[in-house]
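Here it is, the structure, as structure tokens.
Every chain is named by a letter (A, B and C) in the order it is written, and numbering of its residues begins at 1.
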Amino acid sequence: MTRRFNCALFCAMLLVLSLTFSAWGTGLDAFSSLTGKIDIAGGTAHIPVMKEAAKQIMKANPAIRITVAGGGSGVGVQKVGEGLVDIGNTGRSLSPEEIEKYGLQSFPFAIDGVAAIVHPSNPVTGLSSEQIQAIFAGTITNWQELGGPDQPINLYTRDEASGTREVFWKKLLQKGSIAERANVVASNGAMKVAISQDPAAIGYMSIGHLDEIVKGIEVDGAAPTQDNAINGSYKIVRKLYMNTKGEPSPLVKAFIDYICGPEGTPLISAAGYIPLQ
Amino acid sequence: MGRGTKQKTERSATFSRWRQPNERLLLAGLRSCAWLVALAVVLIFLFLLYFSLPALRPESLKTLLNWHWRPYGGEFGILPMVVGSLLLAVSALALAYPLGIALCLFIHGLGPRILRRPLRLILHLMTGVPTVVYGFIAAFLLVPMLRQAFHGSGFSWLAASLTLSLLILPTIVLMLNSQFEPLRARLETSFVALGYSPEQALLQGILPLARQGLLAAAVLGFGRAIGDTLISLMLAGNAPLVPEAPLDSLRTLTAHIALVLATDAQSSTYQSLFVCGTILFGVSLLVNLSLRRLTRSILAPESPT
Amino acid sequence: MSRAQAGMIRFVCWLAAMTLVIVLGVAIVFLCRRGLPIIDSRLLFGDTSWWLAVSGQRPVWDGLWPALAGTLALVLLASVLALPVGIGAGIYLAEFARGKTKQLLSLPVELLAGIPSIVMGLFGFALILLLRRSIFHSANTSLLLAAAIIALLILPYLITTTQTALQGIDPGLRLTGPALGLSQSHTLWHILLPAASRGILGGVALALGRAAEDTAVIMLTGVVASAGLPSGLTEKFEALPFTIYYFTAQHTCSRELDLAFAASLMLLLLTWSLQGSALLLQRTLERS
């Protein structure tokens, strides 16, 4: 009797175990039977995550080709909408017009903050949001007025297609104006390079890109860290989205699942963002 | 053969008629190559025109002839970029042209004979340096220097202008060279026979006669400067404004096209780009036609008085 | 003109020459100092073994090989498109075109030479826009488009050097063909072209150099920052000049900046060697 019971229990366990087999393939195995290519373009904040994911996937399955381009959130929307790429990344949510015009689907995968950044040698460590608004509008023009050295402030901003810019403008600048004489750079990476080389500069950048060569400053007392972004004390945050036109193809779906799933979490964290888990 | 025998040179004497069919085929093939090139140029012009036509209507023209570029706010003014292109090209020419004349004089007489060939070689080497490498070196060498010296961001009209003048210098010198050499070859001995020293011959005799060559070199340099993209894209700061000082940022038409196509994405901005392209095409057309007129008359030089 | 004035002018000329040499020297030394130390076995292939990378079995990360391969593919494709047309047109203009036709046909060649490269790139982009709107809805910027536009860009070099080379042939040599009873095409093929070959090859080398270094055209017609090895005519690709530009504007780590220095050196060496061979070929032509 006990023997039959044990046998039945054993069989039941095997059955339950076999049902979970399908869940085992969510990682890189999901790509093993797929071939093809994925073209990704859009937000520059996403690039480190996309590139690392592409690296892992292409190592596991050389039959897949993934190309990653930047251009900014606006470019991402337009390119995926026109069918020029498979995934368009945006650092902002899509507007209803965009969704309707192109028939896009959004897949958020991370939370990111936008920090105001300066050169590490700049003595300024924190500013109020009104001060930052005045700086970018061009009314405060010298670091001396903020407790820094006597040097004119060099403004850096992003091009208008940038999702980072839109979030910064909406949430920190409260839709205030940005002085026309600001230097325009084309991506988060370019912003980082520009600020790191100019001691009198101020700009803004995704928190995920922060490292020792630039310094993020506190806004109204809240430091731009991912912890503060999670607990809500740092308010200038946004989600990072992958967008496709209509239903994604199996290969693209596998990629999206990879990023949003458990295998993508370490990639997202390593890039400095907060996974949406 | 009713072509007029006096037009026949030895060249045409050998190829006056093609008799066999496969030779006619060959001739047709060669002719079509030449016409293909002509077709391509016409096509380029037509495409530019076709895509800029929507922007040339009075309402849209008004938005274009504006001083503000804010595509997401509906402002598509390209005038700052037009001014930017002109300022940059003229300033680069102003730096490179005198330098070019000085170098040309150096090569043709005012410098020691030993140094002539090396200097010429250096100039030839300079023409082989890719534009992007000029921009790259300047971005990491010149811009930090300017930043430390002048407290700006370094990316400025001045940085782009200095680098651009370096870029167009070999063009100017080599063009001047090609004008000076035949003049010198023909006239130097005459001047020396008249009692001029070689340097005086060069400065007072030949230089004034090379007026048209000088002008041609300036036009060519200007054309090259206004058509360059990478240097202003990498060095000039790209703020869509008219600069007020050499250390301000500016944006040229060429950099504007590159930036907008690479970053902005609204189809209404494309029209303004094609207008920029048409403007640039028109400028290069002007440059070309004036060069043609100037250099043609050099081939039949004036005789010394 | 007094001696003092002549002396002043001479001084200015010396100053000019010295300024040029110093500026160039500083630039080259700077480039070499930062670029030469990077040149090691990892430069091209990163961490991937070279055989796997070249045969395309494994992608290359942190290496310049994809960009180099992309540039080579682009130059090859552009020359396949441009060489026949350019040399053919040059032969036609030098040997067969007369009077009005010749004047009419040499104008487009000069115009083409003067068009800024960004306008050519814009033309390529416009081409794709038009195709997408009308017959070819899935047309996209790609290697083929970029190569076609680059081919247009380098045509003037090929045409004018072929023309100059053919027009510079000794008239006596031209009569040898008919004197021996050769037909016109035979004369062209066996006598004239070989005599002009050095000049033509020089033009080819110049054209290849121009194709390799151009950035503005490819930026608008299909180059991207990371695409791996060139995988097809309708695919995006990488190229050395764009990699240099991209890393200058936005390098995310010091390795990328080092790669940019090394890529600049590599591109410079490539264009200099092509230009050098062009000069050598043309100089031997002049001498003989």
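Assume contacts are C-beta pairs under 8 Å (C-beta built on N, C-alpha and C of every residue); 3 or more make two chains touch, one makes a residue touch a chain.
The model shown is predicted, which means the values in this text are computed figures rather than measured ones.
Asks: Quick one: most central chain, C-alpha centroids?
Replies: Most central by this criterion: C.
Asks: For this structure, I'd like the pair of chains sharing the most C-beta contacts.
Replies: B-C
Asks: Farthest from chain C in C-alpha centre terms, which chain would that be?
Replies: Relative to chain C, the chain whose C-alpha centre sits farthest away is A.
Asks: If you average the CA atoms of chain A and of chain B, how far apart do the two points sit, in angstrom?
Replies: From the centre of chain A to the centre of chain B is 42 Å.
Asks: Starting from the mean Cα coordinates of chain B and chain C, work out the distance between those two points in Å.
Replies: That gives a centre separation of 17 Å.
Asks: Could you please state the distance in Å, as a whole number, between where the Cα atoms of chain A are centred and where those of chain C are centred?
Replies: That gives a centre separation of 38 Å.
Asks: Specify, in ascending order, the residues of chain C that touch 2 or more different other chains.
Replies: 249
Asks: Which positions in chain B are in touch with at least two other chains?
Replies: Within chain B, residues 262 contact more than one other chain.
Asks: In chain A, which residues are in touch with two or more of the other chains?
Replies: 186
Asks: Which chain C residues qualify as touching chain B in the complex?
Replies: Chain C residues touching chain B: 1, 6, 9-10, 12-17, 19-21, 23-24, 26-27, 30-31, 34, 84-86, 88-89, 91-93, 95-99, 104-105, 108-123, 125-127, 129-130, 152, 155, 159, 171, 174-175, 177-178, 183-185, 187, 209, 212-213, 215-216, 219-220, 241, 244-245, 248-249, 260, 264, 267-268, 271-272, 274-276, 279.
Asks: Considering the complex alone, what residue numbers of chain C touch chain A?
Replies: 57-59, 61, 132, 138, 140, 224-228, 231, 235-236, 249-252
Asks: Per the contact definition, I'd like the list of chain A residues that touch chain B in the complex.
Replies: 71-72, 74-75, 77-79, 151-152, 154, 156, 159-162, 180-184, 186, 194, 197-198, 200-201
Asks: Within their complex, state which residues of chain B touch chain C.
Replies: It is residues 3, 7, 10-15, 18-20, 22-23, 26-27, 29-31, 33-38, 40-44, 47-48, 50-51, 99, 102-103, 105-106, 110-111, 115, 119, 122, 124-133, 135-137, 139-141, 166, 169, 199-200, 203-204, 223, 226-230, 233-234, 254, 257-258, 261-262, 270, 273-274, 277, 280-281, 284-285, 287-288, 291-292 of chain B that touch chain C.
Asks: Under the stated contact criterion, what part of chain A meets chain C in this complex?
Replies: 37, 39, 44, 48, 51, 55, 58-59, 62, 65, 67-70, 82-84, 185-190, 192-193, 209
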